[in-house]
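Listed after this line are the structures, all set down as structure tokens.
Same chain, two partners: subunit A is paired with subunit B first, then with subunit C.
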Partner chain A sequence: MSALSGTVDTARARPADALAAWTRRNAWDLGLVGFLVGLLVFTKLIQPSYGVPGVQGLAISVLPLALAAVAQAIVVLSGGIDLSLGSMMALVNVVAATQMQGQSEEFGVAVVLGALLLGLALGAVNGSLIVLTRVPDIVVTLAMSFVWAGFALLVLPTPGGGSAKWLPELVTGSLGNEWIPKAAVVLIIVIALIWIPVRRSWLGLSLYAIGSNRLAAFRSGVSVGRTRILAYTLMGLFAALGGLSLTASTGIGIPVPGPYTLLSVAAVVLGGVSLAGGRGSVFGPILAVIILQLIRTDMTFLDVDTNLATVLQGLILIGLELIGSLVQIRASRA
Partner chain B sequence: MSGLASASGAPNPWLTAAAWRGLFRDRPMIPLLGLLAVLVVISDLVRPGIVSPEWVSVILRAAVLLAILAGCQTLTMLTGGIDLSVGAVASMSGFVVASFAAGAGTPTGIVVALVAAALAGFVTGIGVGVFRVHPLIMTLGMSFVILGLANVWQLQSVVTSTGVPPAFRWLGSQAFADVVPFSLLVFLPVAGLILVGLKVTGYGRLLYAIGDNPVAARLSGARSWQVLVVLYVVSALLAAVAGFLYSGYTNVASVTLVDSAVLPSVAAAVIGGTSILGGRGGYGGTIVGTLILTVISSLLSSLGYPEAVRQILFGTIIVAVAAAYTRVTGEA
Partner chain C sequence: MTLITTDLLLEATGISKTYGAVVALRSASLAVRPGEVHALMGANGAGKSTLLKILTGAVRPDEGTITVRGRQRTVHSPAEARRGGIVSVYQEPALIPDLDIRSNLRLTETPVEPFRHWLGELGMEDLDLSSMARRVPLASLRIIDLARALAIEPDVLMLDEITAALPANLTERVLEVVGRQRGGDRSVIFISHRMIEIAAVCDRATVLREGKTVGVVDVTQGSEERIVELMLGQIVEDMAAIAERTAGSPKASGSTPRLTARGLSSGTKLHDVSFDIQPGEVLGVVALEGQGQDELFDILAGSERPAGGELLVDGSPVSFRHPADAIRAGLVYVAADRAEALLMQRSVRENIALPLTTRIRHWGLIDLAAEGHTVQAAVARLQIDARAGGEVRRLSGGDQQKVTIARWVAGGVHTMLCFDPTRGIDIRTKQQIYLLLRDLAEAGAAVLLYTSELKEVQLVCDRAIVIFGGRVVAEIGVADADEPALLRAAYNLRVDAPMPEDVAGEAVAGVVAAAQESTNAGAERGLPVSDG
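What follows is the complex of A and B.
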């Protein structure tokens, strides 16, 4: 997170200032963490039996959506949006499930690698179409959501297929301490292995640059078209991981796209990533996903209609965006 | 671009291409109608004799529903927005009427549904116009809210598919002499209002102005928030009307009935030449775009292609048409 080199130098000089600057930069994420902690305490209060099974269930149910949120966040940070994310996840999900069915465990590893390559390819196709045709990204990805969902139905007309045994085992249960669900570990490893190196490289910097000001980025020598394509490619990789996590959690392939596209956009906004691009991180959206899921759980504990949870989700989305816009309007007037 | 080419001399080999581009840019209706005609001819070649008054009637009945929703998208897209809540509003409206049909009566149901839709549109409009929330997010959030509330209402009043009032079934699925669909009774006034409203009235011009250049519109004295609030209320009311027809067409009252039509409605507007960036387009193109999409999907299903192939072609066509528009209009 400290890739803004200018602030890093002063940071070393005065630790207190550095801490203050870091807090300011990550105020939204810290707020989300605080809210999440409060929510967990609240959950424990209303349901004293909430414990290990609850946390593990939460982690597994959150994993596909968290990966989708990261995927969407990467594209939104670069100033784009992808409405075909859910269809991509469904396509990868069914391809993995049909190829793994009845095959050996070792073959499953090859299938997983192939599925990740497929995700990269799908993302690259989206990005290339946007850059080459110069059609607005919303239109292209909306159209591609039909295409990928169609291919998913061609691959597998009805839910079915299977999964290698090790894939579900990778995300269910806990590792070491029973309070550490494997799904969370998988998520952390994936982020640490893929996103953090990218974020710290030239690609991460140019990604934020084209998101915050495309013209300025171009004039500073960033290859805008190439960076956009790479952003979508990277999104495809995370979409593939999301699709694989669906295969892992259900054990089968489902050719109908889940609600992941719209929920990922919601999570990105709640996670403090500006839809205009260039501001935010992937951690906010992950926290937002966990919070949204936990609110749902809490509402079942409180015996509130789950439909009201949907209402609340929409209200939170609108409300946060309202506050965000108000702050921006205030700032632009000042 | 055509101006440049013709200025540089008559024997310019690019002249014809430029002229074509000019035609495509200034009169998108002509190539669109050409595409529609080609599709109809292909339909008849593939299945000789299929193109008949009855076939036209079937196409129209399906297209009318989509065309009204695509009208919502056209109007909102002209201002640079989008309305993803049309599916939720339309489903909710159809469902509310069905839930009232047995008890308080259909007219009460229609009034309640229209008021609820207008209220939803008002909230959306306030969010987009006053608080400047991105329309994508605002309408997305509203669709969650509406779906949730509709579900709550569903639990209050248990409705079966027979709840759809007969009047709606008649409007949505019957046709005069089995040829002229009764849904045209609803659609023609609606389409006329939108077409005339966009072309002739000052409000229509304000929509174009806000989409084309919001700052210039504001400096010229347009109160864009008022325009946007009215716009989203109108859009929600149109969606409600579409919802009535949908429930009659399918004879189903469900809170998620129209959800699958949201993306095609955006696609129809895009194919019809309305720019998602705002300021360019119109409802005439959208109607033709809707007919094109409906004919394509009927053609593919008559060929026995599965739903999957239809979707893939749908998507490919949208990208291709949008790319062609971007090329000739030079919009980045």
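What follows is the complex of A and C.
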């Protein structure tokens, strides 16, 4: 019977089938891209002057959020969640700002490297506590959000500190073409250098595996505890990058956590990552962050009251999620 | 379409359903008379489960009509189907694990007294209703699920592989109760892969193949051949060919055993279990439910550590802290429950590659091209229909089970631990799995095979050990490993001791006799004999 001769994924399939399969697999991300393009057109319509400065501003404001979303996506993919992300970013932000204040440019490089190591350590602490104490991740990270926020205030009680000059320059302005903001380039480089190699290694596969089915992963020889700790450690690294991007964009340290924790969860959900773990990628959440930020900008252009804008943002989030789910259900039934 | 003779209890006609590119059903039909036990048969992916889901309202058909007692019905949900008198017992017990049995009953508005009555009929009168569902063994949960369904006295009761993984004694009670449903005005739709059960309790069988109803057969003596023929669409090589290969394979002896267990023990479940497996050997493990076989396999697979005893692989002692250690030592585990083994939302490729990449851990990038070839080879070897391979949960049950085996075959097999690998899968896939196990053995691997289907033992195993109460109580060569002998040993009876009346062969034979009587009675009543 011909039905029994098997093929896997795209192997031996015709290119058109491969393209169709790819489209089906990435339907959610493609939908987000489509929505984003539509939103950009809409923005241009309501604000004809929207151009290079607008895109630049968007890129800079999106950078910390995008890094936070990637960080959250990594733990959510592995079947966890981290509610201390915002506090972690604040802590890295103030540590970097206090250490760099009044120091040489070269010393700034050392501080940035140190801050990244700090992020790795903070993430590893979160992960180890969860794995060793067996307390649910949501409880541990909620508690740790107070701990990290407290440390941030101990390091720097009021906003202050400074930054090496090269750090803000790294993310402001454009590279080559004025339409290519440096912040976007930095984001792409970071993803390409850190996430893509991880995704392609055994760690990436194990990470998806424990998010998908812990027992099956365990039986397949994956060390579940170690992989969970590594997922949180990796999250810590991206949180540190997010914290540094805050230092870069503000030039100072702010000890109070921003709205990044909850926004990152929102972006992960809107980005098509299953909160149950195991399904999705980091690219969806990045697109989601850009969309959320652009909606915010459009509200300003439309002169919507700021408080009302927050309400609308929440409703739009539910609406988008609803439309996406409906489309997916229809697609799976068709 | 609505003009239907009223003597049918349930009729489904022209049912079709497609999922994307996959056609699950194309014009399937099913007609159930009142008072009959009706078998629904078909190979993997023939569409049995989909048809069942459509009848219970869990899935909506693209086309087709369903009539109950002559009235056309559109069912939107399982709850609605239930109110309409159609109740289904699925393969996976539908009990909330964190509620006790009584609360589970209340949740489904099941009257307790009839439930108690049916539990008694099924041989579980001593069940404590306040025990948590999660603490009740799987086999008992199935019985509870069945008793719950019987208690609400449905017009049509659908049983999906109810006897899979049940120990022999419970299976007989279930068959007896199902058999007694006949003759009234209620009916049972019975799905099972075990032909002997079909022969024992069913009046007629509807056979599905590739989503179509290809025939309706009156179940009489000798109708098994006809059913298998219809299911497969062609007469396949006899199962006996496999047994022949088993008998003909050269027996290794004198060499170092692939795996030796010496005095393994674990808590109260396992005591002093010793055996060894030679390269090229398939060793069967036979046991009733809960005799310590689960613990034995967990220890061998590295999921649990033994309290005492030692394990030797190729003559050298090993100890496992983690399944990864066992895998590296060459002991790989194939579970009965696919949900415990697979990443359901991930692709076939990732599922097969996962143990490959964890086996040889290195920090570099995965060589995707090489991995692709290995995966492709494993998929081809196991003949997995991976068209819907983007997500493993979209594959049929048999293909999912093949993936759990393919992932180990892909990396080369040293010792394979199979825990009831053919549970609830169709005859064609079973055959493929048996053949594969023989192939692996011939290539020098050792296979340890626990099976709840005693027939399989003589088919594929070279030798069998019998575990009772956590101890190895017998070792039986393939020549003597027929069903009655194994069953005797599994109950820890001496070979010459007479069997208890309610056990095994006689009971099944009795039910078969009863089945034939009622079939004959049906024929005498002049019911039409239809055949596709």
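Criterion: the second predicted complex is superposed on the first by the 306 of 334 C-alpha atoms of A that agree within 3 Å, B and C clash if a C-alpha of one lies under 4 Å from a C-alpha of the other, contacts with A are read in each partner's own complex, and residues count from 1 in each chain.
In this text, a contact is a pair of C-beta atoms (placed from the backbone, for glycine too) under 8 Å apart; a residue touches a chain by one contact, two chains touch by 3 or more.
Not measured: the values here are computed from a predicted model.
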Q: Using the touch definition from the top, say if A:206 reaches subunit B (first), subunit C (second), both or neither.
A: second
Q: Figure out whether A:314 sits in contact with subunit B (first) or subunit C (second), or with both, or with neither.
A: first
Q.
On the A-aligned overlay, A:27 touches which partner chain: subunit B = first, subunit C = second, or both, or neither?
A. neither
Q: Could you look at A:197 and tell me whether it touches subunit B, subunit C, both or neither (first, second, both, neither)?
A: second
(Q) For A:189 in the superposed arrangement: first (subunit B), second (subunit C), both or neither? (A) neither
Q) Of the two partner chains, subunit B (first) and subunit C (second), which one does A:144 touch, if any: first, second, both, or neither? A) first
Q. Is A:326 touching the first partner subunit B, the second partner subunit C, both, or neither of them?
A. first
Q: Within their complex, state which residues of subunit B touch subunit A.
A: 82, 84, 127, 131-134, 136-138, 140-149, 151-152, 155, 263, 266-267, 270, 276-277, 306-316, 318-319, 322-323, 325-326, 331-332
Q. What residues on subunit C touch subunit A, complex-wise?
A. 19-20, 45, 210, 233, 301, 303, 322-324, 326-328, 333, 335, 339-350, 353-355, 357-359, 361-366, 368, 372, 375-376, 379-380, 382-387, 389-390, 407
Q: Give every residue of subunit A touching subunit B within the complex, in rising order.
A: 81, 129, 133-136, 138-140, 142-147, 149-154, 157, 262, 265-266, 269, 275, 305, 307-315, 317-318, 321-322, 325-326, 328-329
Q. What residues of subunit A sit close enough to touch subunit C in their complex?
A. 1, 3-9, 11, 21, 24-25, 197, 200-202, 205-206, 208-209, 212-213, 215-223, 274, 278-279, 332-334
